[in-house]
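In the two complexes below, subunit A is the common chain; its partner is subunit B in one and subunit C in the other.
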Partner chain A sequence: MEVQISDDEKLFLIHGVESDLRNDGRSCEDFRPMILERGVLSGTNGSCRVQLGQTTDVLAGIKLELESFDTIAYPKPRQPIYFHVDFTANASTQFAGKGGDQYGEEVAAAFHAAYSRSLDFIPNLSKTLVAEGYRWKINMDVSILQWAGSFPDAISLAVIGALSDLEIPEVEVAPDDGGKVSVVLKRPRHGGNMRDEEVPVEMWKLDVTKCPLLLTVSKIGTANLVDCCPEEESCIRAQLLVGISQNPEEEKYDVTCVKQLGGGLLEMESVLEMIELAQKATKGIYEALAKRLKTEERRKPGHSFLL
Partner chain B sequence: MSYEISGPPLISPWMMLSMSEARTDIDETKIVIPGQPVCDAPQQFMRGHGTYTRDGEIVSSLSGVVQQLNRLLMVKTIKQRYAGEVGDVVVARVVEVQSKRWKCDVTSRLHANLPLGSVLLPGGDFRRKDVEDEEKMSEFLKKGELICAEVQQVQHDGTLMLHTRNNKYGKLQQGIMIKVPPHLIKKSKKHFHTLPYGMAVIIGCNGNVWVTPSLPETTVEEDGSHITEFQKVPQDVRLAMIRVAACIRLLRDYSIAIFLNSLTTCYEMSQPYDIKELSEQDTSSRLAYLIAARLMQEFSSQN
Partner chain C sequence: MPTIRSNLSIPLNELSRIADDQKEVDQTKQRDSSKFRPLCVKCGVFGTQDGSGYAEFGNTRVLAQIFGPDGDGKWEDSYAKITLNLKGVEDETKLAEYRAEIISCISSVIFVQKYPGKVIDIEITVISDDGGALSTALTAVSLALAHSGIEHVGLTTSAHVVLRNDEYITDPSTSESEGVIGGVTFSFVPNLGQSTGINLYGRVPIENVKNLLEFARQKAISLVPVIHKAIVKSVDEMK
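Right, the complex of A and B next:
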């Protein structure tokens, strides 16, 4: 999104960033207060809404699909999470019509790259392969409702939130005619004379502790900073999107992908510095996220939209 | 380093203020929505702005407050786009350089005009403005630059004509601009304030508030041109500016009128907190409640 800002305002902003004092009182390494809420959409299998500084607003929802595939064409297990990012025209008028499509595809591709090894870092994701030729496909739809800077950060938080909210039904596989199998939802029997449809289906959840965060790190003047607001984004020299996943066993933060957003040139030295900053930020955000996911109290779906 | 992830607020700021005692003195019968009759005895009154007659009744066409002037009834909206009045001080952004005039964004329905003849060019008041000046217009004010101006005239369609024919108006240099809804700005005699914290604010009537190290009039040279400052703003001044900016955002978020007194009250009361804490939910709501109460108290003791 383009914001109009004069050269003198930019000068003031850049000087401020270089002395580690931003226009909203934050230092370069600070994030705006984040709001994360799960279970906001009742029509999805898992959903999450993330707001950054009350302005960037991202909504992620997951729909599950039982997919049958050709075992000869795909002998190896594949990554089952599919991303689709949609920029609504509310976020900025430049996204009206098909305006946001190309941008959305670009961001979705970055998430595909960051989650390409999801079978490794989500330990129980291989359970989505329910039988030979059948698997749960996880369709992740992300919608940008409002845009005020650093939306990939918000998307990656919303994605993790939605994955942790996702409930996948347990299934029973029974052999069927002609070497095929039939997949039926698993309903634990409690006795009594309840009909089959009334018994709740058993569900299981994904382990998201190692899911990667995608953070934007920007270079303004000589300083590196995280979580830019739109005014700051108009002063950016170069911006990196760094995907980092946590490795709790070894207390390490592994880079899963790096992508440059927009134009600009970067020296190798500053690339390393920016990645280092992203790793530092990731640590803090993981801690905050874990705390929030643990303490969250569920409210009625859609309640916060009316505030 | 601070990373904080919380849940959505239980109530929104405006709900919080409507529950506080600060807003209980509003006469609710005077608030109308479109289609609602404005008075009980329509024969005795004349219809004014924001009303129309339907089946012999005077009905509001806007949502706002009913005002009465002798026999004339009108409805004044509470929240609306900026409609200028002659003499208002506005902070505007240049959006286009045209022949002999600049188009400026004043957050009104239409862009405002600043004619070349209404600006103070370097070299004094009575300089003739010729073709050369016209060619140099984009050198003087570029697209995207901020100016401070006064409304000289409101045209029939609502277009504002601006002028900067005074040393206190003109191009704005380093600083922070904060947009607030124009109805929060309280009109007063002075809109330029040098605060005792080593910085200054210009509270534009159109809802643009400019926080700056010094007012434009202090940087004027003898020939009327402004000194262009590229030097760094000192850290203590910058800190004060950022705190004032955070205060303005807080007042905006909690719909408290913005004028010198509310700003200084907010600044003084925000002292115990870090600047970045002011944008956090629980700190800001507590602070806003206290500020609103203090302002109400001061207001009632004056009357």
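Right, the complex of A and C next:
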């Protein structure tokens, strides 16, 4: 989103954040109000919509795909989550046509980097490998519907929301001709004479408690900020994208990705301070997110958030 | 049909000789984990044209060229536009990752306000990738930038280091970086002491991040004299 603010307004804003007071009344470590709702798209296997400060709006949807692959070319288990980020022209006019493609690829690449060890921090993700040569591929498609700052933060929340909403069918694997296997959906029977299609398929869910959050930490003046609004983004000197995964039982943190993006120079001390701030912010968001995921009421299937 | 002679002038005896079949050999056994692979840097590769650089770390070789600043008839803003064409990286995700990182690094060092309405076109070719392509590319671009005469804040050096168990390894090749906990590509401007690019990946415990970054910075500093030498040499050649 383009914002035009004068030099004096910028100076006012910079002096404000340096004394820990932002224009909307937040302190440097505060986030805007967040809205997270799951099950918003009926055509997906898992979906989530996140709104940050009523203006950044992100929609994530997961499509599952049973993929067969060559076991000789890929002997080791690979990370099955694939990201695709799409900026709609509604978010900003600069994304009209193919304008957002490159940027979207870059953001998706950052998420790939942050989730490159997802097999480690999602304990049951290895279950997506259903048989030798067959696995569930998780296609995560993210659309930026509205953009008013800090969209990577919103995307990372939407990604975790969608992963927690994702239901993966249980399958039965039976050997087949020619050394291959046949994969059939598992339908538990409890007696009776029901037709096969009427028996619901058994589903399982991912454990998302340790999924990394990708947060932007920005340097404005001498202050470090999280969750910048567009006015603040026009004053940024340098920005770090920090991915942190938390181990809730041991209170341990792992950094899965740090990227300095968008130009700008940073002192070493600043980098460490910014990572520390990201860690602090991650802790608070993890708590809020866990609470929300527990207490959220399920939507009726078939209703989109637009209704 | 007349034969067109290439003006690529890297004297072959300046390239360190590493046979490609050596790739598989575990080099950490022969090499100290705090030392770089055999490297070769060159400022000014194409004789007739300003703005080219070449960097080679072990089997990773990258060529960078800078065209411009030129007007393209369309760009009219009060600062220079920087475009990047990255070749030789097959993986699309890696390509997008490298592109974002390199553009961010370059745009933070060039004085773009000094070239209003101009376009600076950067072309990077990864000739072969055996680990650390990003840091090699950033080194090559820095040399090309020095050769091009475009005003910038200073020389950039970059290093790629990884963390394996409790050991830090400098500039690992693809085979050496298997089974690592994580790594970082760190690039910075030594005369300002500030970083221009950080790309940390893997799963690094937060208490190790500081040491990893500090180690990468020390390694980047140790490259400064080598790069200085390459630039001085190119100036001598020009005379």
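Of note:
Here, the second predicted complex is superposed on the first by the 298 of 307 C-alpha atoms of A that agree within 3 Å, B and C clash if a C-alpha of one lies under 4 Å from a C-alpha of the other, contacts with A are read in each partner's own complex, and residues count from 1 in each chain.
Here, a contact is a pair of C-beta atoms (placed from the backbone, for glycine too) under 8 Å apart; a residue touches a chain by one contact, two chains touch by 3 or more.
None of the values given here were measured: they were computed from a predicted structure.
Once the two complexes are overlaid on the shared chain, A:109 sits against subunit C while remaining clear of subunit B.
In the superposition on chain A, contact is made by A:263 with subunit C only, not with subunit B. Of the two partner chains, neither subunit B nor subunit C is touched by A:236.
Shared-chain residue A:244: touches subunit C; no touch with subunit B.
Looking at the shared chain after the overlay, A:254 reaches subunit C, while subunit B stays out of its contact range.
Legend: residue contacts after superposition of the two complexes on their common chain; A:272 is shown touching subunit C, with no touch to subunit B. Applying the stated contact rule after C-alpha superposition, one finds that A:21 touches subunit B and leaves subunit C untouched. In the superposition on chain A, no residue of subunit A contacts both subunit B and subunit C. Note for the complex: subunit A touches subunit B at residues 4-9, 11-12, 15-16, 19, 21-27, 29-37, 51, 53, 157, 280-281, 284-285, 287-289, 291-292, 296-297, 299, 303-304, 307.
Within the complex, the subunit A residues that touch subunit C are 102, 105-106, 108-110, 112-113, 116-117, 120-121, 238, 240, 244-245, 252-268, 271-272, 275, 279. Those residues of subunit C that touch subunit A in the shared complex are 92-94, 96-97, 99-101, 104, 107-108, 153, 182, 184, 189, 192-206, 209-210, 213-214, 217. Per the touch definition, subunit B reaches subunit A in the complex via residues 1-9, 11-12, 15, 93, 95, 105, 142-146, 172-177, 230, 232-233, 235, 238-239, 242-243, 245-246, 249, 274-276, 278-281.
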